[in-house]
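This is the structure I want to talk about, given as structure tokens.
Note that the chains are named A, B and C in the order they appear, and that numbering of residues resets to 1 at the start of each chain.
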Amino acid sequence: MQPDLLDSHVLHQFRTRSPLTHCMTNDVVQTFTANVLLALGASPAMVIEAEEAEQFAALADALLVNVGTLTAPRAQSMRRAIESTVAAGTPWVLDPVAVGALAFRTRFCQQILSLKPAAIRGNASEILALAGMSAGGRGVDSTDTAASALTAAQTLARQTHAVVVVTGEVDHITDGQRTRTVAGGDLLMTRVVGTGCALSAVVAACCSLPGDRLDNATAACGFMKRAGSVALTQSRGPGSFVSAFLDALYALEEQV
Amino acid sequence: MQPDLLDSHVLHQFRTRSPLTHCMTNDVVQTFTANVLLALGASPAMVIEAEEAEQFAALADALLVNVGTLTAPRAQSMRRAIESTVAAGTPWVLDPVAVGALAFRTRFCQQILSLKPAAIRGNASEILALAGMSAGGRGVDSTDTAASALTAAQTLARQTHAVVVVTGEVDHITDGQRTRTVAGGDLLMTRVVGTGCALSAVVAACCSLPGDRLDNATAACGFMKRAGSVALTQSRGPGSFVSAFLDALYALEEQV
Amino acid sequence: MQPDLLDSHVLHQFRTRSPLTHCMTNDVVQTFTANVLLALGASPAMVIEAEEAEQFAALADALLVNVGTLTAPRAQSMRRAIESTVAAGTPWVLDPVAVGALAFRTRFCQQILSLKPAAIRGNASEILALAGMSAGGRGVDSTDTAASALTAAQTLARQTHAVVVVTGEVDHITDGQRTRTVAGGDLLMTRVVGTGCALSAVVAACCSLPGDRLDNATAACGFMKRAGSVALTQSRGPGSFVSAFLDALYALEEQV
């Protein structure tokens, strides 16, 4: 299929199935993540107490684990939720925010990597750090380009059997053998908190859909880039961008 | 009084008294809840540590308890806050997010029901589950219509002496004897996170006002539906809806 | 330098250095705080687990401690982060939300005051309470004007060697000897949650810049008032204000 047709096909599946997406994500991006999933037609739910997270992960279509504001109790809940998805055979996705830069989350990310994530989504510094090839970025920001992390992403994909998504102005998506790119990012999107974190949630929802996982993760990147491009033409800065971006995600189907 | 005059009367009281509303709510909707209360003229405050929650609940005009991202420590804080409002004679409102679907929060909701909430606000699946008539919805979404939960709502209202608000495209508000309806919802509002949760906070604030509690809770539903209708005409999707909705709540008094 | 030139100079430093700003802030304002810092060109990061907060505070350019939704574990993390900044010689800023009104946070604020904050930012009731001259406001709202707290602010500045910023329709900024004012606020800004909390984060970022700390804190107030004035002319209420405000912060440099 051509990229545009593929995107449309995945989007149709997405809206039809409305994936119930269990988000265990950081405190800063919860609202935006939920609104991005809702705008696209998914059903997000944030459930965090260990007992509940374990129970809910078995009911949901996909799980997102984002370590941005990790705490010790949250790490414990995440581990139980991940084990529950593994037992249920549903996919989970790792967003290793600022891995490499901070010891506690780096240990945690390395431990849960063995629990077979369906996909990993990070910026270049995070993917390099997770692959053991660098010491992390500056806070939550990447100090490397996505292209520079491509070899690390491919190695990590082969080691973990996950689809690895390295995002930046151009996104690179790889399963270790095949690699796709999605262009169209803009620096303005780095002036809005949570665009990368929300993409990880969309990747998780897409991983629950039928079809090739690499295709589905690539489509997730495509949705965000496409809505971002529309929003850029309609906004005067990062504030109006957020509104326009959610509107564009909501209208995405009609534009194909 | 006619519905429109009643709404205006309650709104006038709301803006004059600016109810100090203690919100113990879920992590996903805190900002939106605060902004909805502020736009309407209330004074929201989120206070969560057990010692502080107990102290603050005694000072506030109303308390909201929303179990969306319940944790064990938060449940303990909520219980102390509720006991404090009961001792102070001020109203508290329960929003039983996803009750029935998850065991931990279901036990907690059933326990605190005995502490005499002034009102309960949920979607149809939640009200059915809380009344013991079903096993809950799909994640946080309702799989039932508000009308289908009306009998459950009336039973629950008689059992708990709370006003029960079942929301959907049409809202039903009942004290077990009398039942009101407020129409005017739109599917777009289900694509924005927190509209239901924010309504629960407005119901809590309205429960602190003088007058009939059923009237006050009905007015709360009316504010949200009315602002939603205005916002719908001014928005192109869920992103612009949020801005327009807060603007419409802020301007509400002038439209009556 | 004239105020306008000073503002431009500090803004240029801000955008050039992009201060890595560690925010330990309340749950209600995290997204808005991050977006305000990003719009101005800083690099925000929210890191909260004690081990990580200690490690990250030593790497960051500045730390914000906001006690709005303080919990016992968070207080412990904040203390370790503060000690880490003190050891590293980097500035930290205190936002004493609702101090005086609630015992737990009042004790905590008094304890950490001895750890030499670079600046303290609060409303009049908070500054009066922190200086021991009153018992606090109504919830998180001030019941006093900024001018009425000026003597308290000056005393507090001399006692703690911090720059004290009392905000309201007119902001007063003092180091105990010198006092500056920044006018231009509007009541609409009090109908949006987090404008004060976000200013505290901008003050923290500005405290990391070279130059006179009083000048830098004054410039932070100026950025927010200036963007607020622009946004007011472009908004119809608190919802559209938020978008317009972030856009105006982002465009600020070009307007000088």
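Throughout what follows, a residue touches a chain if its C-beta (ideal position, glycine included) is under 8 Å from a C-beta of that chain, and two chains touch if they have at least 3 such contacts.
Here is each chain with its UniProt name: A, B, C = Hydroxyethylthiazole kinase.
Note that this is a predicted model, so its numbers are computed, not measured.
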| item | value |
| --- | --- |
| Classification of the chain A:chain C interface as same or different, half of numbers criterion | different |
| Copy-to-copy rotation for chain A and chain B - C-alpha atoms, rounded to a multiple of 5° | 120 |
| Separation of mean Cα positions, chain C and chain A [Å, integer] | 32 |
| Two or more partner chains touched - positions in chain A | 27, 31, 242-243 |
| Complex contact set, residues of chain C against chain B | 26-29, 31-32, 68-72, 98, 101-105, 138-141, 190-194, 235-240, 242-243 |
| Sites on chain C touched by chain A in the complex | 20, 27, 30-31, 34-35, 38-39, 43-49, 51-52, 55-56, 59-60, 73, 242-251 |
